[in-house]
Amino acid sequence: MEKKILLTDCPDAKGLIAKITNICFKHQLNITKNDEFVDREQGRFFMRTALEGNFNDATLLGDLDMALPQGAERRLVASGRKRLVLMVTREPHCLGDILMKCYAGALDVEIAAVIGNHPDLGALVEKFGIPFHHLSAEGVQRQQHEEQVIQLVDSYSPDYLILAKYMRVLTPGFVAQYRGRIINIHHSFLPAFIGAKPYQQAFERGVKIIGATAHFVTDDLDEGPIIEQDVIHVDHAYSADGMAAAGRDVEKSVLSRALQLVLQERVFIHGNKTVVFK
Amino acid sequence: MEKKILLTDCPDAKGLIAKITNICFKHQLNITKNDEFVDREQGRFFMRTALEGNFNDATLLGDLDMALPQGAERRLVASGRKRLVLMVTREPHCLGDILMKCYAGALDVEIAAVIGNHPDLGALVEKFGIPFHHLSAEGVQRQQHEEQVIQLVDSYSPDYLILAKYMRVLTPGFVAQYRGRIINIHHSFLPAFIGAKPYQQAFERGVKIIGATAHFVTDDLDEGPIIEQDVIHVDHAYSADGMAAAGRDVEKSVLSRALQLVLQERVFIHGNKTVVFK
Amino acid sequence: MEKKILLTDCPDAKGLIAKITNICFKHQLNITKNDEFVDREQGRFFMRTALEGNFNDATLLGDLDMALPQGAERRLVASGRKRLVLMVTREPHCLGDILMKCYAGALDVEIAAVIGNHPDLGALVEKFGIPFHHLSAEGVQRQQHEEQVIQLVDSYSPDYLILAKYMRVLTPGFVAQYRGRIINIHHSFLPAFIGAKPYQQAFERGVKIIGATAHFVTDDLDEGPIIEQDVIHVDHAYSADGMAAAGRDVEKSVLSRALQLVLQERVFIHGNKTVVFK
Amino acid sequence: MEKKILLTDCPDAKGLIAKITNICFKHQLNITKNDEFVDREQGRFFMRTALEGNFNDATLLGDLDMALPQGAERRLVASGRKRLVLMVTREPHCLGDILMKCYAGALDVEIAAVIGNHPDLGALVEKFGIPFHHLSAEGVQRQQHEEQVIQLVDSYSPDYLILAKYMRVLTPGFVAQYRGRIINIHHSFLPAFIGAKPYQQAFERGVKIIGATAHFVTDDLDEGPIIEQDVIHVDHAYSADGMAAAGRDVEKSVLSRALQLVLQERVFIHGNKTVVFK
């Protein structure tokens, strides 16, 4: 008995749930979990259907294509392991949490490689038997550096590229290579404190909460579709550095949760937003 | 165009989602939100289907009865206003929050009456033009008092009976009259601190969180199906009274949220647990 | 035995805690709770000292003035009831929570009056025997309207002016009349979503948290010192209106908590920030 | 300039803050943070004073001893690194979080060794260059096993013994060796679900929150002084295993926070409770 996930994203129409679940039933597939959402304003339908049974992918998808409205996107995903490439700079906490969760089997994913624009995290990565590549951006033109990164990333054919505190801005050219497949952790509760030094900004504003945001990367810095956010409470006694230290736990936990959601095929990108079936 | 909610609770079987949604489609009803859950261990299926359209209740339910397995329960509920009777003792915070939410239109419900075993909250209730009845339990036998309460409650034919800090234990005889229709707020994160004086117990144990639990009332004190729970953080500086004061906001918010969930037909009772579709 | 709170705000210097607590001891005052904070960057010292005993205010303050550095501010506050004027527009939830908490004795404060720029909330306020004044801003020049408000507010001599969802922007001229004494609730986790329609902005950005911020009002809209903030989680299924409905509970709770902190003399304004001793 | 922390725990008396801070001032020590708490019911005073300056420990403590009431305990602690021995069974998440935090410098502590009653976590520990000892409890008498553990622990002279998901109950004899120095993480929000399989218990009770509790170990299982607690929300869709998986993040974060609080000398044991200055 196999397990697969059917993801449907199409213009809204009457009877879609009935049609899709009927086709699954006809194929003798058991639905173990079904989630749907209709954006009525935009007339768009999203459904995630977790299925069990013996799959004939081609006929199943063929039947769906006949039933679904024009402009429908549908995918049938085997719940196999995805491959990641992680990009980092110097801070180990997000990287460390992902490494440890993979080691413990709590994230079912293969970390193909880690790329750092600084060498600092190489020793940690190598403890886990994972290749680490140091591609310095110093003294290299931005475009040339990104081309090196792209070449290296592509050599691993990852499903997703995870920016686990990668502290460089990516150009539209880079982002275009991996549309909808780059996930970043930003160390603020976006849209507050976009850009550099969010904890310093938070300290200066005197906020009573700090947070973190995991989002898909688009051309607009810190403006991509948000997957997951969380906050913790702080007070006047926190320096900017104290906020940064306290924020690390929420950063790593938000990134890990976002990653888990994406890996379990729970996240649809919908314009500049996400639909997330938890 | 009407709106109704179809609630299905039956033994699990293959194709249930397909069958039910198909019947809805056949009746030209639009599904605006569908939630389902299968308890695989116990082989039980739960589904809440929010529908829009023109309803022929008899034929719809007839079609469902033919499609659903033996032992199925299904209800088609018009999303009209429910009627409540509230029972209180002396503390105004939960009562006050419900009164204010109704006044503001945030809870779409009719409060038919409030019954207090003390007279203290009469003045507050009457500000809102709602009948208040003082039924003292002093100098009356427990059974006799409960019979008076039952008679009064029944004169209002409420859908639910809400114990908004009603500080008396109800007998099995009373509970049997309103099975699955009495909701209580207990001032601890159950199952911790069952019984009397939970804040005093929490103080003595030195816990770092306190909380509240809204649950259906069954014969076993504080053991009924839990609908909603939440906590807040406390520390060594809180006295038992300080915990009680701090806990009032979480009590009122947990009870209001539980009530909202029940009123929106989002809660199934499933043995000694609940299935809650948020 | 009286209870008072000593608030000290002065340039930092060695031995301040020793000096101040010594003077209290010399006056045979018992310290029941002491909190202090040093902003080392700015060299500023803040201390809140809760005292019990028999007070000779003049000699106590005289002794303190001799011991404290130049530029020190110190206040000895009897823990008596403060007077509030509330300003509202149409939404009842923040007003209602404050009214109910006062009624229940959970906020030890006198609500002298409520002023609305719309008449809608008059009936609610009057249930509680509190004067309500409708001062419409329609067809009146902004300055003239504010002068009417000031005149009315001043006739009540309140300690604080609480904007409990007052949906008009106040001019610098108005704010100058009540510097450090106007508290507003903004329906977002500032600095995100400054200005109008924060829930609409939050909906459009696709955030996964929404929140509320209580702050002192200064000339810069939504930029004053933050007293308290909190958030709740939302998802793709929330419309802007749904976010607004869900946000009301966090708005009212954040405003009530901020108000409680201010009333208990736990809040220092420190430039554009606050020091809050919880 | 050195930094030390003065911890005072004594019968309450008038003027204690003044006396202690005065002595510090006389010694030309700067107080960078002071926290105190009086348990008025039990007449006990607790103070944590963070100091900077040049210390003459003997004369400082001598001066304090003359000023403090009979029965006072006071300690002057250099803010140096503490030594830990960790005890584990099979689950890596709490261990992994502590290892990673130490590696990243986020926990300033020396992990002297890790002892496992199963061999599973040896490979992980050794990645970080820390000794791992497998002391199986199989086929050994309980007392004999504990004697082996004690001998091994003592060979490392740790300040604290951390039970990072050590799944065996310790005897009073063992606990007596390390009174107030053993910290355990229990996978429930105590006092709910004491004993074995708390997630299974939580699943069966149908709770809507699960949590974790870090506490000092005493002779009474899961009854020791609580240091830190937190919870997460769950729903009907979580199996007992799903709860366990979701709970791991809160377990590791509660244990790490408790450990940080203890290492920073913020925790007093007070009977069966703690006083924690955050």
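Each chain gets a letter, A, B, C and D, in the order it is written, and its residues are counted from 1.
Just so we're on the same page, a contact is a pair of C-beta atoms (placed from the backbone, for glycine too) under 8 Å apart; a residue touches a chain by one contact, two chains touch by 3 or more.
Just so you know, these numbers come straight off a predicted model, no measurement behind them.
S.K.: Tell me which of A-B, B-C or A-C has the interface of C-D again, with more than half the contact pairs shared?
M.R.: Equivalent contacts to C-D are found in A-B.
S.K.: In terms of C-beta pairs in contact, which of B-D and A-B ranks higher?
M.R.: B-D
S.K.: Write the angle of the rotation needed to overlay chain B on chain C, where the fit uses Cα atoms and the result is rounded to the nearest 5°.
M.R.: A turn of 180 degrees brings the C-alpha atoms of chain B onto chain C.
S.K.: I'd like to verify one number: the distance from the centre of chain A to the centre of chain B, where each centre is the average of its C-alpha atoms, in whole angstrom.
M.R.: It comes to 38 Å between the two C-alpha centres.
S.K.: Between chain B and chain D, what's the gap in Å when you average each chain's C-alpha atoms?
M.R.: 40
S.K.: Could you list the positions in chain D whose residues touch two or more of the other chains?
M.R.: Touching at least two other chains: none.
S.K.: Over in the complex, which chain A residues touch chain C? Could you list them?
M.R.: Residue list for chain A touching chain C: 37, 39, 41, 189-193, 205-209, 211, 225-231, 235-237, 239, 270, 272-276, 278.
S.K.: Show me the residue ranges of chain A that touch chain B in the complex, using the header's touch definition.
M.R.: Residue positions touching the partner: 14-15, 17-19, 21-22, 24-25, 28, 30-32, 34, 36, 38, 40.
S.K.: Can you list the chain C residues touching chain B in their complex?
M.R.: Residues in contact with chain B: 33, 91-93, 96-97, 100, 103-104, 106, 124, 127-128, 245, 248-249, 253, 256.
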